[in-house]
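These are the structures, in structure tokens.
Both complexes below contain chain A, partnered by chain B and then by chain C.
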Partner chain A sequence: MVLRFNRKQLCIPYAVFLVLFVIVPLFVIAYYAFTDGQGKLSFENFENFFLNTNTLGTLLYSFALAIVTTFVCLLIAYPTAYILARSNFRKKHVLLMLFVLPMWINFTLRITALKEILSALEGNISAYPFLNSVIGMSYDFLPFMILPLYTSLLKLDKSLLEAAADLGGNKFTVFLRVTLPLSVPGIISGVTMVLLPSMTNYVVLDMLYNSTYIMGSLIGSYFSAYDWNNGSMIALILLAIIFVVTLVTDRFSDKDTANRGAVL
Partner chain B sequence: MKRIFCYAWLGIVLALTYIPVLVLAVYSFTDASMVGAGISGFSFDNYLNLFRNDELRAMIFGTVLLAFVCAAISTVLATFGAIGSFYSKKLTKSLIDTANRVPVVNADIVTGFSICILLIVILRISKDTFIPLGIGHVVLTAPFVYLSIIPKLRQMDGSLYEAALDLGATPAQALFKVVLPQLIPGILSGFMLAVTLSLDDYFITTYTKPSTFDTISTYVVNATKGSQTEVKTALWALSTLIFVIVVVVVVLMNVLSDKKRRGAR
Partner chain C sequence: MKRFIALTAAAVCAACSFSFAGCAENSREVVLRVCSWEEYIDLGGWDDDELIDIDNPFGESEGIFGENSMVDDFTEWFNSNHDYKVKVEYSTFGTNEDLYNRLSLGDEYDLVCPSDYLLMKLIAEGKVEKYSENFRTGEHAYYGEYVSPYIDGIFEKYGWNEYAAGYMWGTTGLVYNPDRISDEKDVASWNMLLNEEYKRQVTIKDNVRDAYFATLGIINSEKLLSGGFSENELSDIMNDTDGATIEKAQEVLKNIKENVYSFETDAGKSDMVTGKVIANYQWSGDAVYIMDEAETDASETELWYSVPEECANLWFDGWVMLKDSIKGDERRKEAAEAFVNFLSRPDNAVRNMYYIGYTSAVAGQTVFDYMEWNYGAEDDAEIYEYDLSYFFGDGEFVVEADAANFGFGEDGVSINRGRQLFAQYPPEEVIKRSVVMLDFGDKLGEINLMWINVRCLDVKDIPVAAVCVTAAIIIAVAAGALLYAFRYKLFIKDRKNNPS
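And then the complex of A and B:
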């Protein structure tokens, strides 16, 4: 038998898979978020989140932790990526590998290592929950910030910098008015890769003995309590945040830097 | 002066990155039960325990098996998906691209939770069948394979496929003998990425796994809550082993791609 097909049809299995296991689950959580345990329409889950100071506090704490973490990562990653991209090392990409290699080591093991060091330094690590969580998250996500920044800084046209310098810009002006604006796509994709996970990755907090909840911990605790409806509401709120962030960042980002696998 | 500052900065960042992992590596060869505690002697017990302890051995084997099986499924599914969508009408392509992007930008915890609700709560598929876990990991990894294939399709000469057909190849032959070989670098890096994503995953696994099954991530998280020193220090050995494997793989890939580049010149 000769197999007859049009090459366009090759996408059918994947398209069906995406619909069943990516699109349908989104509708399912939307349905669960606005119904009660009996399947009746209900805004109770919505009120449980938005009329409760505890859960709103969780949202705020998540934002605070995520923003501080993102800022710390940016502060460390930008100079690193800048030096790497502008250096005249013959094998820049090998050096870059050194910086992003940790992202292929299981993150729970890396946090374990960090926890041992922090315990040795601080004694009782539960005394500095916020600080340790920021350190943990930054340690976990730094490679994901360095990578897109490096990609966008590497692509930067050197002649633009020379032109700016020729036109009388000093080093600081050239950086501020040429390099920085041109690296915005890299900054944006780095920020999205750090901001969203650091709102949800409660495992880092758990492992570093920070008992304060972030948005992810709420889903975790509803999951343990088999409370699918309230859990779905939290998932839906996270989805909404992700959707807004994606809409905003899509205006700036360029696609090359957005791929986690770009380095492979 | 400026140069020294630059090197110093890179050095500090590298040191911060590697000190925890390396200190743990050193301690993994001792009998100490805490980092910072006095070392009374060197031993390989932690490494031996990794293979002697049935639970640990099963957990490591399960994690690796899951990663490779799911990465293989993802690779097949997403490679054909990418080829099909690349040559489809604009609307179809952009619909698939958008759906493909959802798990990429979405938080893993939302992906995992939503799959758990659909498959386990609504469809009542037992967690013990490993079906929810498998599907979860394919949802996590396939979109990244898709994203690493698409650029290779763009680079490929589109008329090769037509030429093969004109020369009498069946569509299947044209696909397997002409198109796929061109995509091999993308397929390989997609597969590798899928394996590493699956190995690293915690959230999708927790929400879909059978209660008796653990991957490295879920096991480590549970172990840090427990107080079994033997398991804790064995995990230091595991961390060191994984670190060495990652370094070896990265070095090998660099050497290989360097050779290829030189060969092409």
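And then the complex of A and C:
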């Protein structure tokens, strides 16, 4: 007997995983989100979130934190990835490794170390909660920004740059008109990989003494008061936000693939 | 491939038959599922010099020593005096809420160790299996024999005795560094959390119940300090969940949030030892742990523990059996009761106390000997006679402790702060001004919303200028992105319209 695998059948393990651990839990969350404690259909949880200035404030605060973090990551990661990708150093994988290396160390350990460093620099670190959170998150998520940027910059066809230079572009123009547009897919995937987790990763805030809640901690707070309904609703709202963000960024990267033809 | 399948099939069959065989063989074995707090039991492995050198009537050898983990010792002890075997599956939880959520999700534990308020909730919901008659009177009924009369009284008063057996108990208070505060009076009040002098130097528990309790202490400070309340009146004041009180608490907590170093879940211990903060709202057992750590730390700091004079929170953790898991299985129930009794044997209570720093609900001469061994004054020290008779019951139970380890209130007699012994066993006068914090019941939702309001950024608090600037940035970025996205379309359209 010879077992033949259809290519489609290879997806079965993942499909099972997807159904069990993504789709079913999603339905459970949705069930809790739209019911009250007694299991009756209710939109109260939805109202609770959008009519309370405090929970709305959390949404804003999470967004602000996430956007600033992403921006800082991008600011640090782009030059790094650019230099890495363009360097003639033969063993640039080693260099790249140096930037990815922190990921191998347990994240709580890293943040604990960071806490000590920040304490040494700032004195009383509880005085700068927002700044510290941004530093902590950027530290944590930087590799996720560097890697996609590095790949997209590495793929970049050098002949395009030469052509641009031949046509009279100075270094700055070449970067702005050729390199940057061509690296947009990398930027987009880097941004998605940093923006979304930094809206919910409240462990960093906890460890760096930021007492203000973000979305993640808000959900946790409801669950520890046995209020699964409101907690699920906020999880669902977060999911909707993530969905919208992904949709927008997807359009962006699609456009860009089309545009690459235009540049050529 | 054929061979592969055959092998797999063989392996699966083997696994099945093995597990069936296992079932048959283990039918005389009871699996006891215990779930307790993290680091809440002696895990053994003590160093040789850690031997507690006191008279031990229960053990075979001199003194008390944790060689193996308590769970292993229990298994061995149980198997040697029962005609069936027990196997303990020991797991842990981090917070009471975590435990309750796990139970709601259908996790099965025969024996759990929740705090007072969850214990009340579980009893009220009818989830708790009653202890059998045999538990307190049968063979090896160590709990019945050695439980402190004080703990027994409290459990009786709240009607928990049928359902629960006390394990550890204590107070909440402030651990502080006396060298870094200007006046000892400051730490004798919950107002320490609002004290501007120590702005961003004090930590508080990240836990709505403890925060709410301290806040009630602040709100009712003057009233409470005037004194003269009966036990029940005090309990009513500190368990006040009236809407107006919750509203007031929200304002106070917002100020506390601005004034403290942080709300901590676990970092408070190390921050206190390393000196990042000068005071830390803490449970008594962890306070003992912190004081021990700071003493042995390179800095050799001497930390103290104070119970604010307004009112202290008395808490109790107790063992309860769960109906849904026991399912009427007599042997399982017997094993669970034996587990509690084994932990309540005074030498084991001492081992746990030594290991985790909390205070056992068990009294008895052995435990008292341990207190004297641990905290008895040196020969040349000034002696203070620390009376613990309320806890140990009839007889003379006075530890001759070093007077330098206690701090006296303004009257010069009452003790309101001290070191390890004070934290482990508060004096009777502290007990008298303490209350048990009851379950919030159906007010939980309201109080949690208050807590969320405190912890979240209120949109109304954002300055207008910040909103304008942010909005401007967002609009600019969005416009830029749109322009970028549609630049070719716009560009081409322009060319068509103006063929130059």
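By our rule, the second predicted complex is superposed on the first by the 236 of 264 C-alpha atoms of A that agree within 3 Å, B and C clash if a C-alpha of one lies under 4 Å from a C-alpha of the other, contacts with A are read in each partner's own complex, and residues count from 1 in each chain.
The rule is short, and it goes like this: a contact is a pair of C-beta atoms (placed from the backbone, for glycine too) under 8 Å apart; a residue touches a chain by one contact, two chains touch by 3 or more.
Keep in mind the model is a prediction, meaning the values are calculated, not measured.
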- Query: With the two structures laid over each other on chain A, which partner does A:Leu239 touch: chain B (first), chain C (second), both, or neither?
  - Reply: first
- Task: Would you sort A:Gly57 into first (chain B), second (chain C), both or neither based on which partner it touches?
- Result: second
- So, A:Val24: does it touch chain B (first), chain C (second), both, or neither? first
- Item | Partner chain(s) touched by A:Pro13 [first = chain B, second = chain C, both, neither] | first
- First (chain B), second (chain C), both or neither: which does A:Leu114 touch? first
- Query: Just chain B (first), just chain C (second), both, or neither: which does A:Thr212 touch?
  - Reply: second
- Message: Taking the superposition on A as described, I'd like to know which of chain B and chain C A:Leu41 touches: first, second, both or neither.
- Response: neither
- Message: Per the contact definition in the header, classify A:Leu247: touching chain B only (first), chain C only (second), both, or neither.
- Response: neither
- Message: Just to be sure I read the superposition right, which of the two partners does A:Phe223 touch: chain B = first, chain C = second, or both, or neither?
- Response: both
- Shared contact residues on chain A - chain B and chain C: 2-3, 119, 206-207, 223, 259
- Message: Help me check something: in the complex, which residues belonging to chain A touch chain C?
- Response: 1-3, 52-58, 60-61, 64, 119, 124, 126-127, 206-207, 209, 211-213, 217-218, 221-227, 251-252, 255, 259, 262
- Note on the structure: Contacts from chain C onto chain A in the complex sit at residues 1-2, 5, 95, 97-98, 100-101, 104, 200-201, 206, 208, 257, 260-265, 267, 276, 444-445, 448, 451-453, 455-462, 470, 481, 485, 488
- Message: Residue numbers of chain B touching chain A in their complex, please.
- Response: 6, 9-10, 13-14, 16-21, 23-24, 27, 34-36, 77-78, 80-85, 87-88, 92, 95-96, 99-100, 102-111, 113-118, 121-122, 135, 138-139, 142, 144, 146-148, 161, 170-172, 175, 179, 189-190, 192-193, 196, 199-200, 202-203, 206-207, 216-217, 220-221, 224-225, 235-236, 238-239, 242-243, 246-247, 249-250, 253-254
- Item | Residues of chain A that touch chain B when the two form their complex | 2-15, 17-19, 21-26, 28-29, 32, 76, 79-80, 83-84, 87, 93-95, 97-99, 101-102, 104-110, 112-117, 119-120, 139, 142, 192, 196-197, 199-201, 203, 206-207, 216, 219-220, 223, 228, 231-232, 235, 238-239, 242, 246, 259-261, 264
